[in-house]
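So, here come the structures, one by one.
Consider the two complexes below, in which chain A is the common component and chain B and chain C are the respective partners.
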Partner chain A sequence: MMRNDPIKHVFIWPAVLVVLAISIFPLIYSLTTSFLSYRLIPPIPPRVVWLGNYATLLQEPRFWNAIFTTTLIAFIAVGLQYAIGFGVALALNARVPGERLFRVALLLPMLLAPVAVALVARMMFNPTMGPLNQLLSKFGLVNLPFLTNGHWALACIIAVEVWQWTPFVILMMLAGLQTLPEDVYEAAELENASAWQQFWGITFPMLLPISAAIVFIRLIESYKIMDTVFVMTGGGPGVDTETLTLFAYQEGFKKFNLGYTSALSFLFLIAITIIGVTYLALLRPHLEKRR
Partner chain B sequence: MSGHGLTGLSPWSRRLVTVGVLAWCLITVFPLYWVVVTAFKTPPGVVGGPTYLPFIDFTPTLQPFIDLYQGIRGEFFRTFLNSTIVGLSAAAIATAIGAMAAYALVRFEFKVRLGAGLVFFLLALGGYLFFNTTFGFTRPQALLLAFPIALIAAVVANRLPLPGPILGNEDILFWFVSQRMFPPIVTAFALYLLYSEIGRLGFQLIDSFVGLTLCYVAFSLPIVVWLMRDFFEAVPIEVEEAAMVDNVPSWRIFFGIVVPMSMNGLLATFMITLAFVWNEFLFALFLTNSRWQTLPILVAGQNSQRGDEWWAISAAALVAIVPMMIMAGLLSRMMRSGLLLGAIK
Partner chain C sequence: MAHVEIENVSKAYGPYKIIEGLDLKVADEEFVVLVGPSGCGKTTTLRMIAGLEAVTGGTIRIGNRDVTQLRPGLRNCAMVFQNYALYPHMTVSENIGYGMKVRGESRASIEKAVNEVARVLDLEQYLQRRPKQLSGGQRQRVAIGRAIVRSPDVFLFDEPLSNLDAKLRIEMRTEIKALHRRLAKTIVYVTHDQVEAMTMADRVVVMNKGRIEQAADPITIYEKPSNLFVAGFMGAPSMNFIDGEIIARDGALTFTAPSGTALRVPRSREAAYAASVGKAVVLGVRPDHVLRQGAPEGSSVRLLVKDVEPLGPHTLVIGTVAGFAFTAQMPVGVAAEPDQVIDVALDLERTHMFDKTSGMAIS
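On to the complex of A and B.
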C-alpha cells in the first residue's frame, strides 16, 4: 500500500540532491569540456574544437589498445569468476564437510583493498623471491617472467581479479541456490534424473536471471579496473596492460590535457552503455521465456 | 534447505568436489597467510628467498610495525585516522539519508514527469553555458547559478501537464542504481577540476574532509538505496498501518518503528558502505594530496618508494587489510541468518 504524505519530500530530497550535485554536475562540466581544446600544462586558453578531441582519440592506437586490454581482462576474469564461483556455491550448498569454516575464508578477498591485494600479488609473482616461482622450481619447471612479459602480466592481473571477486559470485549464487524450491528436485528424483540432468534441467535455468544480474554487475565493475593494474604493473611493460581508466588517468593527471581526457571519459561512458544495453538485449528473450 | 547435490553423486565425485573446494580455499587463504608472515620478517628473512614458517624458517620481529608507527615510511598513523574518520562519517551519512530515501520509495508514491527531468538537464546545461559565455562568470559560479534555477524550474514543470511518460518509484530507483554504472573516472576527473575551481573562489574542497566525504556519500548512495529498499520491503506493513490508525505521524513511524525493526539491515549496509569507502582508491587519488590522504593511497605508494622492502610493504598492506578482515567475520555471521537473501531477489 502506498501512502501519500508531504513528508515524503523530506525523506527523499537529501539523497536526490547529493547524487544530483555530485554526479550530474561533473557530467555537464566534462561534457562541455570535451568539445574544447584545453590544456593546463602548457597553459593554452580553451578553444572550441567540437568533435576534434573525439576524432583524434578514435585514431589513436593507444586508445584502441586500452579498450582491447580492458575488454579482455573483463570478459576472461568474469567468465572464470562465474564458473568457479558457481561451482563452489553448488558445493557449499550441498553441505561439503567443513562448509561453515569455508564461508568466512571464502568471503574475505572481496572486502580487502584492491591496492593491498595487488601489493601482495606483486610479492607472490616476484621472479626471485616469490613463492610461486620457487614452487615451479621445485617441480623442475622453468621460472616465469610473471610481471615483465606482456602476456604473463595480463594473465596475472586476471588471476588477481578472479581471486578477489569470485567470492562475490559465491555469495550471490549461494543466496540464489537457497531460494530454489525443494519439491522440484524431489519430482526429478522420482523420475530418476541424474545429478547432471538435474543441474542442466533445473538448477541452471532457474538461476539464469540471478546469474545474468551477477555477470552484469561484475562486467561493469571490471571495466572500471584501475587500482590493481596501477600497483601491479602501472600499465606496463610498455602499454601492454594499460586499461581505459589508467589511460585516462595518465592523460588527465600527468599531462593535464583536459579536453582530451573529458572526451576520453565520455567515449568510455558510451562504450559501457553500449555493452550494457547489448548484454541486456541479448539476454532478455532467455529471461522472459522462463517467467 | 538440505543438500540435493552431493547425495545424488557417487562417493568418488563427492570426494572430487570436496577436494576442489579445499583447493580453492587454499588458493584464497595462502596469499593472506603470506602477507601476515612476511610482515613479521627481518630483511634477511625476505631477501634469502621465500620462507614460510615463523620460528622455524625465520625469526619473527615486530620491527616493521614499529617503523610504521614511528612514521619512517610516511605518516601511517595520521593516514589511518583519516581513513577511519572519512570512512565512518561517509558511511554513517550515506546510510542515514539513503535509508530515508529508500523508505520513501517503498512506502510513498512518487510521480516524476520525464519532461521535468529533461527541463532540468537542458536548463542546467544551457544555463551553465549561458552564464559562462555571455556574462563571463567563472565555471563553478555559472554551475552554482544554473543548478538551483534548473531545479526550481523542474519542480514547477513537474506540476504542469507536460506530454510524455510519467516515471514512478521503480524508475527513480533505477536512476539511483544506474549511477553505479558510470565509470568513476568520468566523475573523478570532472570533480577534481570543479573542486579546484571552487578552491580558487576561496572554499577549499581538494584535500579536505568535506570534499572527500561528500564525494563518498554520493557514490555510496546507490548501493545504500538498493540494499535498504529490500530490507524495508520486508518490514510487515500491518505494523505501520496499526500505527497510522493511531495517528502517529510518518516520521515517528519511520524512526520509532521501522528503523529499530531493520537494525540488522542498516548495520550490514553501513558495514558494506564502510568497506567500500575504506578501500576506495581512484577518488582519493584525485581529490587528496597530503593532509587528508587515505590508506589505499599510502599503501599504493609503498610500492614505488623503495624497491622490494617486503617486510615493510606487508606490514603496510596488513594495516589496510586487518580492519576489513574483522568486518568480514562480523558480516559472515550476519549472512548466516539469511540477511542478504532479500537483496538479490
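On to the complex of A and C.
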C-alpha cells in the first residue's frame, strides 16, 4: 500500500474520533468547567472566575486534609503491601509443602470486588456488633473504637487495603522470582554468601525493576482509593478519613458544585503527576544501571 | 595439599540411580577431565564435589577433610559454570570481588585482588562494564576471574567452553591450561567434547551411565582403550568396528568377518588372542590406521565407498566394510568415487580387538 493512499484516513479517523469523544473532550470540558463558577443547586448561570476555584481550594484546609489522608493511606498501605507481598512471594518460591494451595488462597482477596470487601470489613470492625470487639470482650479486654476514632479508622482502611492488594504484589514478585537464574545463586552459595547476603546482594537488586513498576502501579491506584473508604467510613468520623476522591465526590455529587469539583480533579491530576515524576526520577539512576 | 577423593559415592533421584559406587582420586595439582556422553553423570559428580548436589551415599574428601556433609561455601571449591552465572546487576569488578565482600574483607584488599586478577586475565579495561556488555569469551574470563580471586583448594569447571565459538574455544583451552600451570591447583573439568579432554587433561576419566569406564592419561586412553565404549567415544572420526571371529588356520590366527574379509593376526598379537579363538570378537580400527604403501598379504579390506570428504591435509573415505560402517583416512587425491569398491590396507599392528560379549579389550 502506498504511503499516500487516502484509505488510511478511513482507518485512522474513527479511532481518533472515538478517543477525542471519550477522553480528550471530557478532559477539555472539565478543564473549562474548572474556570467557571458552576453550580446546579441552587441553579445559578455559570460565571467565569478563571483561577478562582483553584485559589479557594488551595486555601481550603479540608482539601489539604484530604491530600494528607490520601498520601498517608497510599504510602503506608503500599509500603506494607510491598514488604509483606515480597516476603510471602519469597516463601512461596521456596517450594514449601502445600505451596499451590497457599498460592491460590493468597490470591483470592485480589479477585473480590472492593465494595464487597469493604462491606465485610465494616461489619468485622463494627464497634458494637463486630466480631472483633466481641472477641475482645470474650477475653475481658476493652472494646476498640475501630471506625469511630479517626486514627483507628485510618488504620482499619489501611489494613483492608493491605489485605486486598498484597496478593497483587505476591503475584508479580513471584513471577519475577521465578525468572531469576538458579546458577547465580549456586555461585553465591559457593562464595559462602548467607541467605541474607544473597537476598540483599542478588535477589533484591535483580528484582528492583519489577519492584519499581509494582510500587508505581500500586501507588497510583492507592491515590484513587474510593470504594473502600466510601463504604467503611464515608470519610468519617468528621473528615478524618476523607480522601481526595471522596472529597471530590462530596463536592460534585452532594453539593453539585461542578466548577469547584473540576478544579479539584485537576489539582488531583497535578498532584499524582508530580508524585509519579518524582518517583521515577528518584529511581532512574538505580534502574539505568541495570540496563 | 588439595587432592580430591571420591569414595563409593552414589546418587539417586527417587528410584532413579544416576551414579552407583563411584571411586575416583584426583591428585594434588592434577588436571582431571571428566568426559562422557550427556546423562553419564559427569556434571552430577562435579556438583557433588562442589556440594551443590547432596550425595546419596559414600564419602567425598578434599585434602584429607571429609566434606561430604559440608555446605558448598565451606568446601573451598571455586566453580566456573557453563552459562557463566555472573551477577547481571554487578560490574565486572563487583562480580570478581563479590566473594571477598561477602567474607567482609576490606575494600582496599578487594580492589588489590581484583586488579591483580584483571591483569592476569586481561580484563583491566572492562572492570566497570556489566556482563551484558561483554562478549562470550570475556564473560567466561570474568567467571574464571571470580574463581581464581579467592585462591580455592580445587577448581571445578562445568563445560565452560561449550557456549563459545570454535575459534574462541581453542584460545580459551590454551588459556585455561596456562592458568593451571601458573596457579598449580587441582582442577576437575567436565566436558562432553573429547578433543577438549584429550588436549587439556593430565588424566582423562571417561564416564558412561554413572560409571567410570577408564581413567588414564590421554595417550593411553587413545592408544589402549580398555573397552568398546572408550574406544568408540574417544577419537574423531571415531573408531571403526567390524564384528567377526578369530580362527586358527595353517598355524596362524586369522580374523574373519562376513563377505570374505580375512585379516592375518600379526605374530606379536597371537599369544594375546589365542584364548579368543572361536569366540565372537570385534575388530577396532582407527581411521588413520591405514597403510599408504607396502601392505603385506592378508591386511586389506574391501571398502564400498559411499562418500569422499576432502579435508585438506587428508581425505576421509566413508563407506562400509563387510556391512559395517567404516571410515578410512586416505592421502589427498585418493582415487575413490561413491559406489566404487577399493582395497584399503590396514596397519594391523595398531588395531584393537575386543571381546564382543563383555566389550573388554583383548590384549
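Keep this in mind: the second predicted complex is superposed on the first by the 267 of 291 C-alpha atoms of A that agree within 3 Å, B and C clash if a C-alpha of one lies under 4 Å from a C-alpha of the other, contacts with A are read in each partner's own complex, and residues count from 1 in each chain.
Please note the rule applied: a contact is a pair of C-beta atoms (placed from the backbone, for glycine too) under 8 Å apart; a residue touches a chain by one contact, two chains touch by 3 or more.
This structure is a prediction, so every number in the text was calculated from the model and none was measured.
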### Message
For the combined arrangement obtained by superposing on chain A, do chain B and chain C clash, or do they fit?
### Response
fit
### Message
On the A-aligned overlay, A:S262 touches which partner chain: chain B = first, chain C = second, or both, or neither?
### Response
first
### Message
Between chain C and chain B, which one touches more residues of chain A when both complexes sit on the common chain A?
### Response
B
### Which of chain B and chain C A:Q59 touches, first, second, both or neither
neither
### Gap in Å between nearest CA atoms once chain C and chain B share a frame through chain A
9
### Query
Which chain A residues contact chain B in one complex and chain C in the other?
189, 194
#### Entry: Of all residues in chain B, those that touch chain A in their complex
1-9, 17-18, 20-21, 24-25, 27-29, 31-32, 34-35, 38, 46-47, 49-50, 52, 97-98, 100-101, 103-105, 107-110, 121, 124-125, 128-129, 139, 143, 147, 151, 172, 176, 179-187, 189-191, 193-194, 214-215, 217-219, 221-222, 225, 237, 241, 244, 249-251, 254, 275, 278-279, 281-282, 285-286, 295-296, 299-300, 302-303, 308, 310, 313-314, 316-317, 320-321, 324-325, 327-329, 331-332, 335-336, 338, 340-341, 343-345
#### Entry: chain A to chain B touching residues, read off their complex
1-5, 7-8, 10-12, 14-16, 18-33, 84, 87-88, 90-97, 102-109, 111-124, 126, 128-131, 134, 163, 166-167, 171-172, 175-179, 182, 185, 189, 194-195, 198, 210, 213, 220, 223-224, 226-227, 230-231, 244-245, 248-249, 252-253, 258, 261-262, 265-266, 268-269, 272-273, 276
### Query
Across the complex, what residues on chain C touch chain A?
50-52, 71-75, 77-79, 81-83, 85-89, 98-99, 102-103, 130, 132, 146, 150
### Task
Would you pull the chain A residues touching chain C in the complex into a rising list?
181, 183-184, 186-194, 197, 201-202, 205-206, 208, 289-291
